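First chain A sits with chain B, and in the next complex the same chain sits with chain C.
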Partner chain A sequence: MSTKIRRIAAGVSGLAATAFLAGCAKDAPQDTWQPKGTNAKTIDDLQQPVFAIAGVIGVIVTCVVVYCIIKFRDRGQAMPEQTHGKPALEIGMTILPALILAGVGVFTFRTVFDLSKTSDTQMVVNVTGQQWWWEYDYPAQPELGIDKPIITSGQMIIPVGTKVLLRETSRDVIHSYWIPALNGKRDAVPGRVHTLRIDADEPGIYAGQCTEFCGLSHANMRMETVALSKEDFAAWVANQLTDAKSPAENTLAKEGEAVFLNQCVRCHQVNGLKKADGTPAIAAPDENVWSGAAPNLTHLMSRNTFAGASWDLLSQKCRADVWGASSETVGKKYLAGVSEECLNQTDLRRWLRNAPAMKPMYADPTKLTPTNGKYRGMPNLGLTEDDIDKLVAYLSTLK
Partner chain B sequence: MAIIERPTTAGGVELAPPATPTRAQGGFKRPVSTTGWKSWLFTVDHKKLGIMYGVMAMFFFVLGGIEAVLIRLQLAAPEGKVLSASVYNQMFTMHATTMVFLFVMPMAAAFANYFIPLQIGARDVAFPRMNAFGFWCILGGGIFINLSWFFGGAADGGWFMYAPNSGPIFSPSHGVDFWSLGLQIAGIASLTGAINLIVTVLNMRAPGMSLMKMPVFTWLQLVVQFLLLFAVPVITVALFLLSFQRNFGATFFDVSAGADPLLWQHLFWIFGHPEVYILILPSFGIISEVLPVFAKKPLFGYPFVVFSGAAIGFVGWGVWAHHMFASGLGPVSVAVFSISTMAIAIPTGVKIVNWTLTLWGGKLRFTAAMHFAVGLIVLFTIGGLSGVTHSVAPSDTQQTDTYYIVAHFHYVLFGGAVFGLFSGFYYWWPKMFGKTLNEKLGKANFWLMVIGMNMTFGPMHILGLQGQPRRMYQWTEARAGEGFFNLAFWNRIASIGSLVLSLGILLFIINVIKTARSKERAPLDPWDARTLEWMTSSPPKEHNFDVIPTVHHLDEFFHRKYEQDPVTHEYKQIATAEEILADQEAHADKHIHMPSPSYWPIVLASTLPIITIGVIYSIPVAIVGGIFLVLAMFGWALEPSTAPETDFDPPASGDSTKELAPLV
Partner chain C sequence: MFTPGSKLFLGLTGFSIAVCVIYVALVDNSVGGAVALLSIAAATALLAGLSLFNRDGEVAVGAADAPASAEQLTASLWPLIATVGFVGVVAGLITHPIVFFLGLIALLAAGVEWLIQSWSEGASSDKVYNASLRGRMLHPIEFPVLALVGLGIVILSFSRVMLAVSRDAGAIIFIIAGAVVLFVGSIFALKPNLKKTLVVGICVVSAVGVAASGIAAATNGKRTDLVVANEEDHFSHKECGEEVDEHFDHLSEGTISLRSNPVATVELRDGKLTARELGLDKVTQTITFPRSNSATIIFRNKDNEEARLTAFLGTKAVQDGVVEEVLDCTQMIGKDHEQALTFKIAKPSMASDKPYTLTVPGLEGQSIEIMVP
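Take a look at the complex of A and B:
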């Protein structure tokens, strides 16, 4: 090819790359080109040159085609030579891409095995998907201060710079755990345990989303991984290990506890919650929900999203403050949890009033024949506004 | 000049009766209509069936397109409210199902049916009744799948229908039942079509046409038929397992009974990946015909294009798990499938190189067909290269199930398969209907489609790489990022693009109507074409060729029109298409044997939806359908080979212009 064409190709590819980058959103929370963890960086280091090579080849092919269109347009020239091909050229044009791909293949091969390495894992979290939220269960790991298992949902908390092994499975259909800044995705398949290793370079809230189509509310199955400094993580663990305290007598929250005991505890566990007769209140989601699980709400207000991480527990202003915080301050702000004044009352009340209206679920009691009467998702509980006031007051105490 | 075969007498001597029954033992006699709706309903003519495939596919293209526009309207703004979550899930499932199974596949089958016999110099396909049966199956299957819209909702599990989400618990409507059983019926069409065309191509080529003198379109369609022959049984098995799980309580994908849901993924993609090549290779074939004609030179590297097509056909079986890089296969499988996927890029690249070099040094005429063909080269290259970026498995774990993949396969399937089919429309329309589609409208059609498709699918690269997953009925401002060019902006552009694209397709439909109304006849050889299908009248006679041509060259028709001067090596025209046709008509074959129409293909095919309806709602109905099926098979087997003398219109004794020359 002539140098002229090569120069045009280089120019056009440079322009195309610039246009593409300028055309991108800034700070998209799920940007795959902004790795913040070891594995995500390993992937990015591999993919950037591949994108570049693909881009250059694309530009060359386009330029050659455009050149042909201009140069060989019918201008009344004589019938072209009826050539059937040039085998040497053909073989060359077969070997050249094969060599390029062989090069890419070698690096791909190495990266695949690098990414699958789990032997130097420093922490384990069991991650379970179900329609349409994620549950995280931290097995006891005394060296990390986790003396007994912790169960939480929606937001997974990890210590910064720690190699965390996720052991994924599902209680119903296939889901996929994906925090683009930390690693690629891995499907959570019922009946199987798949592993995925993540770690975060610096404290922050890393957004993700279920990426395997999982039915009706697939779009509303989000998650975050929150990386905290080692000290902040220890503080978080210490808080999670405590039981919920019953609100003081004669408060709205105490009345809310009664509503909770009457309604919510059928599925939602609050550790330390006692029935009126003093016996522990044990949730039985397996009797009511097809997947057999519902989020543990003991420390609901320590997270800042709810309902499959699809809605904020924080009001707009407070959310912006926490999510937009620098890596130095984000930990403290996150650990402050959801205060009374920061609580996003609107969405929480809407949810309590009629959850399926907000997030599509299989929760119509008249249409549960296929599941033997069990819900998939949270039903409309038919709570009165009075009950909702009380419940919000109670839930606010679950720090 | 329609021709119906009938037993004849030769010089008053009664000929020996045919070996097959002459009386109607199976209930029906053979139909004889040569005009009117009956001539279409009971036809076994490959050209009529080809047109019927095309009309059906076009209908479903519009339907699938409406579904696509609804999807884009829903996603035009955050928290879209056009569709509910449930309807959205049905919409994207049916959009893909319709476009893959009911548009691209039957449209490719339309071209295959119409042009393979013409390109190889045959009078029909090997099994004409089976050909008709296939068409009625895919039409029945397509209608059956879409009936679900009116019976409690369509399938909502995505076209990949992953277990266990497709099970009766997670998809309680009958949508998935209609989907799996309807595809089962449609699959019969692919299977019978594949067998039919393979036999036709291998056995019925004109004398002298060795495999390496066969037109590339026929070659690549042959590869496609082999892919279908082996891939369709796999999806058939998978669909049977799914139907048994849903309708008869089987537990093939039930985790609580010890099943592994990944079984479905392997079965689906062992079918699903060859399926991708089933969709794209026919279009590769079409532009491999169009480019040489409008470049006035032979396809560059014919054997390389043929063998790379065959290579794609083989390697296509070893790449299915690249759809499953995130499913937890383990590093060894992932690495192997990653490499095999890269390997398949090589034969695909060979094709792009050859098309480009076909243009090189040519005398390019930019007709509408050529516009689409050149458009395919560029757009498919973009789709192919984005494909290479996610053959890199680690990279794919970031990209899979995001809009980046949606962008990739729409560049491949819309920019590739659909552009190829449109190129075929403009190229072959004069042959099929004797009228040329309006070129001006055609070029406007092309530009609207190019702009529309790049506006729709181009931004999806950015959406996907910036983290927007697929199959979400809503997206939110909160994850759209900052800046003017945030994801909200690109979602809007994509939605506007889909409207531009629709406008382009509307223009095509207008063009078809306008052309149908026009009185202007197309010249016999409007493009100065190179292959045998142009060596007969337009539209071709029912028996295709008056004389079965004897083939001496690749691009036989070209070599009958042009001759190389032995001294100057320049090509001179030695004959026109009209002269060649006139010569053929003057020497028409005396023995032309054409199959008679038949009632049985449509009767047999119509029993299948009865069975499937019964499987869903009431087993006795299925049994009744089964009995009809068996009876129809007997009717088919016992059908007389021709109609009785007296049934012909006009009867044999009359002065019939439809009658064949007597058998001598």
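Take a look at the complex of A and C:
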């Protein structure tokens, strides 16, 4: 073997080993091999043996090919006698893979039917995708303490050990919802409602990402599902059902509320927010945004991410404390929300200063002709630093 | 030295280059037009080269035992069609675009056919060979185009017939026509020795019959209910009071939209209105509807009387100080029928003074509240 070929072989082997070992990463929140819910485990129970069978067959085939390459390589020998056809071998090599595939097929079908079961659903959440964030609304379900619909975004909260049916749709293009630890993926298609069942065995924060290319910031369309104990979930519901309170007079937050009313409420709803004349401030994202929706910010600081769950509202230290918490303590830490000390002001201020610079979006007013003047994503509002100070103070009160 | 084919393509090459020069000098000196014309020149030059290389497809031009060409003997209709096409193009410029395009198609078709026919008839002294040469060039184009035109005429004619006859008669005609086609096709397949003239005759007579029926049906006009529905804007009407349309869709459960994953099903049974949401296995008087996103609700009537579902979707200002209710509704549907109602609510429930609701006009005390988060 020449030196050049050896070097190439070494390089390829190194790359392959690196790719293989990358699968051993500890901090891999979207690892499909670590199921944490019934449906994800059902998928895992199928993919583990199939992967093993495929692996064994792959190794055997590779070994045979390599053996043949080496054993029968050209050494100047005479051309061996050519034969045509080995019926027994050909029939065997047809029947064996067919049997293997049929076996895999039987278990695959059984898994598909198991996954599509929804008759014993215990809770429903509507999941709506749009460029580039996820909205969750909880229909009224009095038996779960949800007396009127709840709306949130970025992070979906579910009670642990509860079979939750997601009713997925989209407001603009096709997206795909996937929390690998809890189930497979399901497309969210405009004009259709697709269902996907998830449940979580233990409290925790489970990460996911849109898995259908949906435009410029597809890579920044992330999401998390937070599983809480039933008691913690009830506390979360109770909090979400309340309206936002107006900040005390003569505070920076109160001034921020005025900025919010002047700038942000055109798209973002805050339940309970009133205009100067005392009437409810109603957001009109349908008049300003191409998808017709913008995140409801009533309880912004009760979730710990923003901007399509792509940036943390928690500072690095506080985030590590919540995300790294044990299943016994994660609920309490999550429900504590984002305190003033833990607020990741740096990213939030960057976002308020110029959102499209952080997350590519079609929010340039000079290029809005294709969307009839409506934004896709949050535009640069041209806020002053003073306005940003006030807004951050106001947003911090939305717990 | 130059074969007839190569002369043709060389002429086109020279003509394209000349036009390109004139175009750039006198009309438009931008790159686009010049590139297009030079591309034509390059393509025809390539074809000229190929013609020279293979001596026009193995034709023994200039062979000692045959004259290089024969006098053109076939009478051709193509000049006449080209003239008609040219007149169509000119007339279309001042009358209607469709006339222009039909004329252009006729002109181009006649031009190509005429050129190839003239060339092939002068290719050798063997008429049979010349005819086969023409076929080799044009049959791959003529057969698919003629088949397409023929099928188009049959389909268009059949559709005119279906629009003219009543809905019930249409179903019967469709079944009979399908059965006849299947039967005759089976006979043709089972009897491969049938006379070609007989098969062609049956096909031609059938096609002519369908075309004649289509012309007669088109002359007679569409059936009354389609005309009336069109005049009344039946297909987009949303009058939520008393049903005024005579020809509403009595078979509404057959519509495709019913398969579009409704968010809820509303049922009228024994004078009571109830709802079921997708995924929630219980009866409810309140449904949650997505905000600012079109979604579908199915209305199912289990009562004897015809009924419609009306959605109250808030109010809108029509002028200063004057607001009117925004309503959407299904058509009237009879017992055991169902219909989809697709609408969008842009604002959350808190934005409306009155709750968004679903009701059946005339049915007191029964409503489904629509909650929009």
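Criterion: the second predicted complex is superposed on the first by the 369 of 399 C-alpha atoms of A that agree within 3 Å, B and C clash if a C-alpha of one lies under 4 Å from a C-alpha of the other, contacts with A are read in each partner's own complex, and residues count from 1 in each chain.
The definition used in the following text is that contacts are C-beta pairs under 8 Å (C-beta built on N, C-alpha and C of every residue); 3 or more make two chains touch, one makes a residue touch a chain.
Only a predicted model underlies this, so the values are computations on that prediction, with no experimental measurement involved.
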item	value
Superposed partners chain B and chain C on chain A - clash or fit	clash
Touched partner set for A:119, first chain B, second chain C, both or neither	second
Touched partner set for A:364, first chain B, second chain C, both or neither	neither
Which superposed partner A:282 touches (first chain B, second chain C, both, neither)	second
Residue contacts with chain A in the superposition, chain B compared against chain C	B
Touching partner for A:128 - first (chain B), second (chain C), both, neither	second
Touching partner for A:386 - first (chain B), second (chain C), both, neither	neither
Which of chain B and chain C A:194 touches, first, second, both or neither	both
Chain B versus chain C as contact partner of A:82, first or second or both or neither	first
Contacts on chain A seen with chain B and repeated with chain C across the two complexes	191-192, 194
Residues on chain C engaged by chain A in the complex (per definition of touch)	260-263, 277-281, 286-288, 290-295, 346-351, 371-373
Chain A contact footprint on chain B (complex, rising order)	84-86, 89, 156-158, 162, 164-165, 168-172, 255, 258-262, 295-304, 326-328, 330-331, 334-335, 338-339, 342-343, 345-346, 349-350, 352-354, 356-357, 359-366, 374, 377-378, 381-382, 385-386, 388-389, 392-402, 461-462, 465-475, 478-483, 485-487, 489-490, 554, 562, 564, 570-571
Residues on chain A engaged by chain C in the complex (per definition of touch)	118-119, 121, 124, 126, 128, 137-141, 148-151, 165, 167, 169, 171, 191-195, 269, 271, 280, 282, 284-286, 291-293, 296
Chain B contact footprint on chain A (complex, rising order)	20, 22-33, 40, 42-43, 46-47, 50-51, 54-55, 57-58, 61-62, 64-65, 68-69, 72-74, 77-87, 89-90, 93-94, 97-98, 101, 104-105, 108-109, 111-113, 115-116, 131, 168, 172-174, 176, 178, 180, 183-187, 189-192, 194, 207, 209-219, 290, 360, 362, 367, 369-371, 376
